[in-house]
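Have a look at the structure that comes next, please.
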Amino acid sequence: MKISARNVLPGKILSIVRGPVTTEVTLQVAAGVEIVATITSTSAESLKLVEGGQAYGLIKASSVMIGTD
Amino acid sequence: MKISARNVLPGKILSIVRGPVTTEVTLQVAAGVEIVATITSTSAESLKLVEGGQAYGLIKASSVMIGTD
Amino acid sequence: MKISARNVLPGKILSIVRGPVTTEVTLQVAAGVEIVATITSTSAESLKLVEGGQAYGLIKASSVMIGTD
Amino acid sequence: MKISARNVLPGKILSIVRGPVTTEVTLQVAAGVEIVATITSTSAESLKLVEGGQAYGLIKASSVMIGTD
Amino acid sequence: MKISARNVLPGKILSIVRGPVTTEVTLQVAAGVEIVATITSTSAESLKLVEGGQAYGLIKASSVMIGTD
Amino acid sequence: MKISARNVLPGKILSIVRGPVTTEVTLQVAAGVEIVATITSTSAESLKLVEGGQAYGLIKASSVMIGTD
């Protein structure tokens, strides 16, 4: 599937922390650049995510903020 | 300010597309890794964003999805 | 791509309203059930969306609220 | 209350999975069309949600993405 | 309708800025406390919002971040 | 850091409810006005949030809906 989310970042799964409803997944998308996602635990199981595996971080542009120093 | 958003990605502003209410900002956060944000045009002006300038992409973990091939 | 968004609703594109940065897309996902999405105009062009075409509405579970009468 | 969320989908609650902070609710909004929401467990209690009951799935248009095959 | 959004803030509409797809609405929810919302222009019309009128700002708890100095 | 989120509301932390992955934080931002946030438990620890402490509620304008009676 091709999706409208402007941000589709391939990476490697560094860690998975499972809770009863929510699971936290950390992806490395470049050297020194990590992305943390919280998804439902059902999704995490359904996607068969494993540490060390490949995955994408997907982010809708309207969910991204900009900061400056 | 320190914020709870788990994803704080420093980068360089590649482009800014302004609309009457919404502005689209593209950041390069690593070689070959770009992040697109849509923010209000008022925020873009208030932050004095300029192409080539430094900025951060900020994303709450609950806004990130995971995809697999 | 398989994605963690729990809500993946196939439908037919009923209308597309384009603005300079944001485009509004209306999908019919069942008889009498419509879903409205606002995406970037760049995404709308890149996906080559046309009225009458098939598409999916994708929604992360954490973006859905529940209401009662 | 009338709300600006463009997507207000009436349905029947199929299941409720409660965690300590987050609860997952599945609604059937049409034959074969289900919507999954994660809300706070406090909200789920406050709305007195029960399996088999009627409820609405509410989604802001800016939270919906579009996908194509 | 009763909704699961944990944040329902009554206030007075201070300003409305309309774009072709997106409209920006500013609410005063307490002395010195303003909330800015971007909604679709179709919603703004449908709700018949006018400056000086009463309205609610509604925010899902998962969309709120926390910052500290 | 200066951020594009249009809503930056200073307040006092009234309560913190911790789950294994998600933590719920309630802020008082004015007399009678409370804001509830769900953030990752890792963020809550990292920010060293304590009841009675000062913090900000940060909300992107695109995450705010408007309701009317």
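Should a chain be cited, it is by its letter among A, B, C, D, E and F, assigned in written order, with residues numbered from 1 in that chain.
By our rule, a residue touches a chain if its C-beta (ideal position, glycine included) is under 8 Å from a C-beta of that chain, and two chains touch if they have at least 3 such contacts.
The model shown is predicted, which means the values in this text are computed figures rather than measured ones.
Based on which chains touch which, give the shortest step count from subunit B to subunit F.
The fewest steps needed to get from subunit B to subunit F is 1.
Rotating subunit C so that its CA atoms sit on those of subunit E: what angle is that, to a multiple of 5 degrees?
My answer is 120 degrees for the C-alpha fit.
Tell me which chain's centre, taken as the mean of its C-alpha atoms, is farthest from subunit C.
F
Report the chain whose CA-based centre is farthest from the CA-based centre of subunit B.
Between subunit B and every other chain, the largest centroid distance is to D.
Cα centroid separation between subunit D and subunit F, in whole Å?
The computed centroid separation for subunit D versus subunit F comes out at 23 Å.
Please tell me the distance, in whole Å, between the geometric centres of subunit B and subunit D computed from their C-alpha atoms.
Roughly 29 Å, centre to centre.
With centres defined as the mean C-alpha position, give me the subunit A-subunit B separation in Å.
Spacing between the chain centres: roughly 17 Å.
Can you tell me which residues of subunit A touch two or more of the remaining chains?
1-6, 19-22, 24, 36-40, 42-44, 47, 56, 58, 60-63, 65-69
If two chains touch, include that pair; go through all of them.
Taking the chains two at a time, the touching pairs are A-B, A-C, A-D, A-F, B-C, B-E, B-F, C-D, C-E, D-E, D-F, E-F.
Considering only the defined contacts, which subunit B positions touch subunit A in the complex?
My answer: residues 5-9, 24-25, 27, 29-33, 35-39, 43-44, 47-49, 53-69.
What does subunit F use to touch subunit A in their complex?
Residues of subunit F touching subunit A: 1-5, 19-22, 40, 42, 60, 62.
With touch defined as at the start, can you tell me which subunit E residues reach subunit D in the complex?
Touching subunit D from subunit E are residues 1-6, 37-40, 42-44, 47, 56, 58, 60-62.
Could you pull out which subunit B residues touch subunit C in their complex?
Residue list for subunit B touching subunit C: 17-24, 36, 38, 62-63, 65-69.
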